[in-house]
Structures are given as C-alpha cells and as structure tokens.
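Consider the two complexes below, in which chain A is the common component and chain B and chain C are the respective partners.
Showing the complex of A and B:
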C-alpha cells in the first residue's frame, strides 16, 4: 500500500472546528473495528454477498481518510465479492490495518 | 427547509450534520439510523427534504421511498455511482451525492431543491364508482363442483396459489378453487387485500405480527418478498 491515511477531508469538512474533528474521529475510531470485524466474520463464513455489503460501508471510511487508490481497490473488491470471487482479501485487510493503526495514534 | 437524515452509520450522519450546519437554508428536523423509524416519523410529520442513504440493512433507500405516499424531495447519499440510473426513475429524487461529500457539492444539491417550485396541495382523488362498488361488496361467489358458493370477503384471511388452483382460507373453512391469484385479486377490495409474495395474497386487517421478512396471519407464517415489503409497510399504521 503506497498511499497513507490523512485528515485532509476531515479538516475540510470541519472548517477548523476542532471539537467537531475530535468527536467525528472518535466515532470513526469506534465504528471501524466493528465494521472490520463484521467483514472478517462474513469472509470466514464465505458469506461473500454480506461481505460485499461490509466493504461497501467501509468504503466511506476509506474515503474519509483520503485513501483514493484504496477506495478504487475496495470498489473492485466489492464487485468481485458480489460475484462470489475473493481475490483481494489480503490487500483489503492491509488497508483496514493501516487505517486502524493510523487512527490509534490520533488523540480524540 | 426542514430536513431529515436517514443513514445507519453514525459517522455518515455526522458528516451530514456538519454540512447542513454550514448551509443557512437548512434545519435538521430529525435523524434516523433506520428506515422504519423514519416512516413512523413521517406518518405524523411532514418534512421538506430527506438526505437518504441507499445502503441500509433490511430496507434500501429505494424501498423506503416506495413506502411514502407523497414523498418529499430526496437527496440520495451513497458510496456507489451505479445506482444513479435507478435514481432517475423517482421524481422525488433531486440529486445524488457520492461519499465523501464536499460542502461545495452539497450546497449545489441543496440549491437544486430550492429551485423547485413548491408542490401544490394534493387534490382529493375522485373515486371510480365501479371500484367503489367492488369495495363495498362483501360477498364473493366461487365455482366448486358446479356449485356457486358464497364466501364472506372479510372472513378471508389468506389466499395461496397452488398450481392451477388457489386455496382460499377463511375463519371457518378452506376452499380450493380453479383460478389464479391475479383473477381473485381483481375481485377483492384493494384496501383490504395485498399480494405480499408471488404465491400469497393476505387480508392485511388479519395480520398478527410481522417479523423480518414474514407475516404471521392466524396460524400461518407467510413470506414477504422484497419487492412487496415497501407497500406492506406503507399500509401499516405504525406508532
């Protein structure tokens, strides 16, 4: 994964409102591991259609953290999963790990 | 303009709250994490604009719109551009915003809503006298073994398709008749009966409860198909 998560979109959205940024990132930090866990469970159970829905939801958080290439990969992975193909799992998990590691370092 | 937010993700609702707070034309009336709560709200209160997520568990944004008799303006929110074509099929959908939403694009969508002339109040529907007659007629005659047997329509709670026959279930008796669901549907009052699955028509007044994608009616558990669910939900007097 070449690109790194960033807060450009969050800063743009907040317009300098630090309280909003803090609250917003706290919620993203809380939701992301839960979404990721649901995705992992569905992959483990080979519920690929459900997993595709999880990837769809996770795309929003990927875009919030400014990961444009990763968003494109997630888009492709979602379409693959809808067809029952699971070839991009490792690359997608790498994205999720990078996002969670990045968020962990942010004070909220 | 009063607006509603419907999205199952808290972070997505927060993004919309922030965008709305920066637009002087908008005021948040309420926000919901699922479509059913929003339908209940809209049964009692009008709104001018709905920001609606397409992907929600159980009920898609499109299903939600189908439940509304007179939908307000809707701006769809999604992470997927592939639904744009379907969105054009709904007159109430004014714009379609892809996540992540920028303030500039958001304001442009709101401007589109503001440029729409206000809707005229609904005129009272003129009732077709023939359909009115059908609705007040309480009896249905069915042909069984060359006899015309009278069935009291309100006593029918379920009709099931069984090949070339239909099974009509009433409180006291079941009747197997050589006919189709389509034909009997035409003879039944539309405000009382609803097709909820390709094989089942139910009397909506006889529903005991609804769980996920099935209806309990008397002692029968009947599946509800995805396409028929919005109309079923629309007919319920939700609290």
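Showing the complex of A and C:
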C-alpha cells in the first residue's frame, strides 16, 4: 500500500465545521470495524456475493479517507467477488487494517 | 459564475426522496446541499421497502427520487420493479445515484425506466459538481405535483 489514510476529503466536506467532522468521523469509526467483521465472516464462509456487498459498503469509507488507489483495488475486488473469485483478499485486508489503525489515533 | 435573480426565479424547490442505506452517504449529501445553499427538501429512506412505505403513506410527495442500488432488504432494482407497476408512483422521475458502474445493472435500470444514472465520483469537488448539475437540471423541469 503506497498511500496513507488522510483527512483531506473530510476537511473538504466539512468546510471547516469541526463539530460536523467529529460527528462524521465518529460514525466512520463506529461502523468500520463492524463492516470489516461482516466482510471477514462472509469470506470465511465463502459467501462471495455477500462479501462483494460488504466491499461495496466499505468503498465509501475508503474514499472518505482519501485512499484513491485502494478504492480502485476495492472496486476490482468487488467485481471479482461477484464472479466468485477471491484473489485480492490480502491486499484488501491490508487497506482495512491501515484505516482502522489510522482512525484509532484520531480523537473524536 | 454568480447566480442572477432570474436564474433563481426559475428554479424550483424540490422535494427529494433519497433512498440510501449508508449513513455516511446521507450525511455527505445533506452537507453538500447546505454548502450549495440550496433549499431542497430531502427525505431519506434506508432501503426500497421503507421508501415504498413513505410513498404509500403520502407523508411526502417527492418530485424526484434519488436511488442507490446496493442496499439490504430491498435493493434499488427491486424497488424500481415495484414502483413501476404502481400508477401513482411510476411517473416520479427516478435517478440512480450510485458508485456502481456495473453494465448489467445499468441496462436493467434503463429498461425499467429511469430518468438518469449518475455515478458518484471519488473526489469530493467532482461529487459537488454532479449534485449541483443534477439539482439545477431538475429544478428547471416541469414536474407532476400532487
């Protein structure tokens, strides 16, 4: 992974409204581990169609943390999973870990 | 370019039903409308089933519907299939608003009858441009009311 999560998208969206940013990031922080867990469960059970839906939802959060290359990877992974192919799992998990580590350090 | 008074005069305030399950996406759209300083009324339904309940209850009469495709319970395509069989709803312009560029979904939506298919861009400034253009366009349209 060559890029790092960042808050430039969130800053653009908030237009400098710190309360909005906090509230927004709190939701991202709360939902991300839950979405990631659902994804892991579906992959473990080889429910690739369901896992594709999980990746789809996670893509929103990937874009919010400014990860453009990772978003492209997620897009490709979602399409693969829809076809029952699971080749990008490790790269995708790496993205999720990077996002969760980053959010843990952010005060909301 | 600054907006003139005559531009403002011809744009309508829209009642929009936004069908989207993701809270973050909902916040994003609301925030964007605020930053664009447009006064459209947004009602959110978290899936197709809830949207049908809102339409049946007549709590709002949407001028347009913005519809996400990937949702649990009842997804966008299932919602479209049902609304298009209903005399009181089938004329409401429905614009797909999604991150999915799946050609199969796109074809299915156009077959069922949609008023547009907008892919949410990755970059925020492009997202704002698309939302502004979409709402400006629909604000200029004559719409069936009541």
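Just so we're on the same page, the second predicted complex is superposed on the first by the 108 of 108 C-alpha atoms of A that agree within 3 Å, B and C clash if a C-alpha of one lies under 4 Å from a C-alpha of the other, contacts with A are read in each partner's own complex, and residues count from 1 in each chain.
One rule holds for everything that comes next: a contact is a pair of C-beta atoms (placed from the backbone, for glycine too) under 8 Å apart; a residue touches a chain by one contact, two chains touch by 3 or more.
Just so it is clear, the model here is predicted, and its values are computed rather than measured.
Superposition note: with chain A as the common reference, chain B and chain C are in steric clash. When the shared chain is aligned, chain B and chain C each come close enough to touch A:63. By the touch criterion defined above, A:7 lies against neither chain B nor chain C after alignment on the C-alpha atoms of chain A.
When the two complexes are overlaid on their common chain A, residue A:100 makes contact with neither chain B nor chain C. Of the two partner chains placed by the overlay, chain B and chain C both lie in contact with A:53. Once the two complexes are laid over each other on the shared chain, residue contacts for A:27 go to chain B and to chain C alike. When the two structures are aligned on the shared chain, A:15 is found in touch with chain B and with chain C. 9, 12-15, 20, 23-24, 27-28, 31, 53, 56-57, 59-61, 63-64 are the residues of chain A that lie in the contact sets of both chain B and chain C, per the superposition on chain A.
Across the complex, chain B meets chain A through its residues 9-12, 14-15, 18-19, 22, 55, 79-80, 99-100, 102-103.
By the touch criterion stated above, chain A contacts chain B in their complex at residues 9, 12-15, 17, 20, 23-24, 27-28, 31, 53, 56-57, 59-61, 63-64, 75, 78.
Of all residues in chain A, those touching chain C in their complex are 9, 12-15, 20, 23-24, 27-28, 31, 53, 56-57, 59-61, 63-64, 68, 71, 79.
Remark: chain C residues 22-25, 27-28, 31-32, 35, 70, 72, 99-100, 102, 122, 124-125 touch chain A in the complex.
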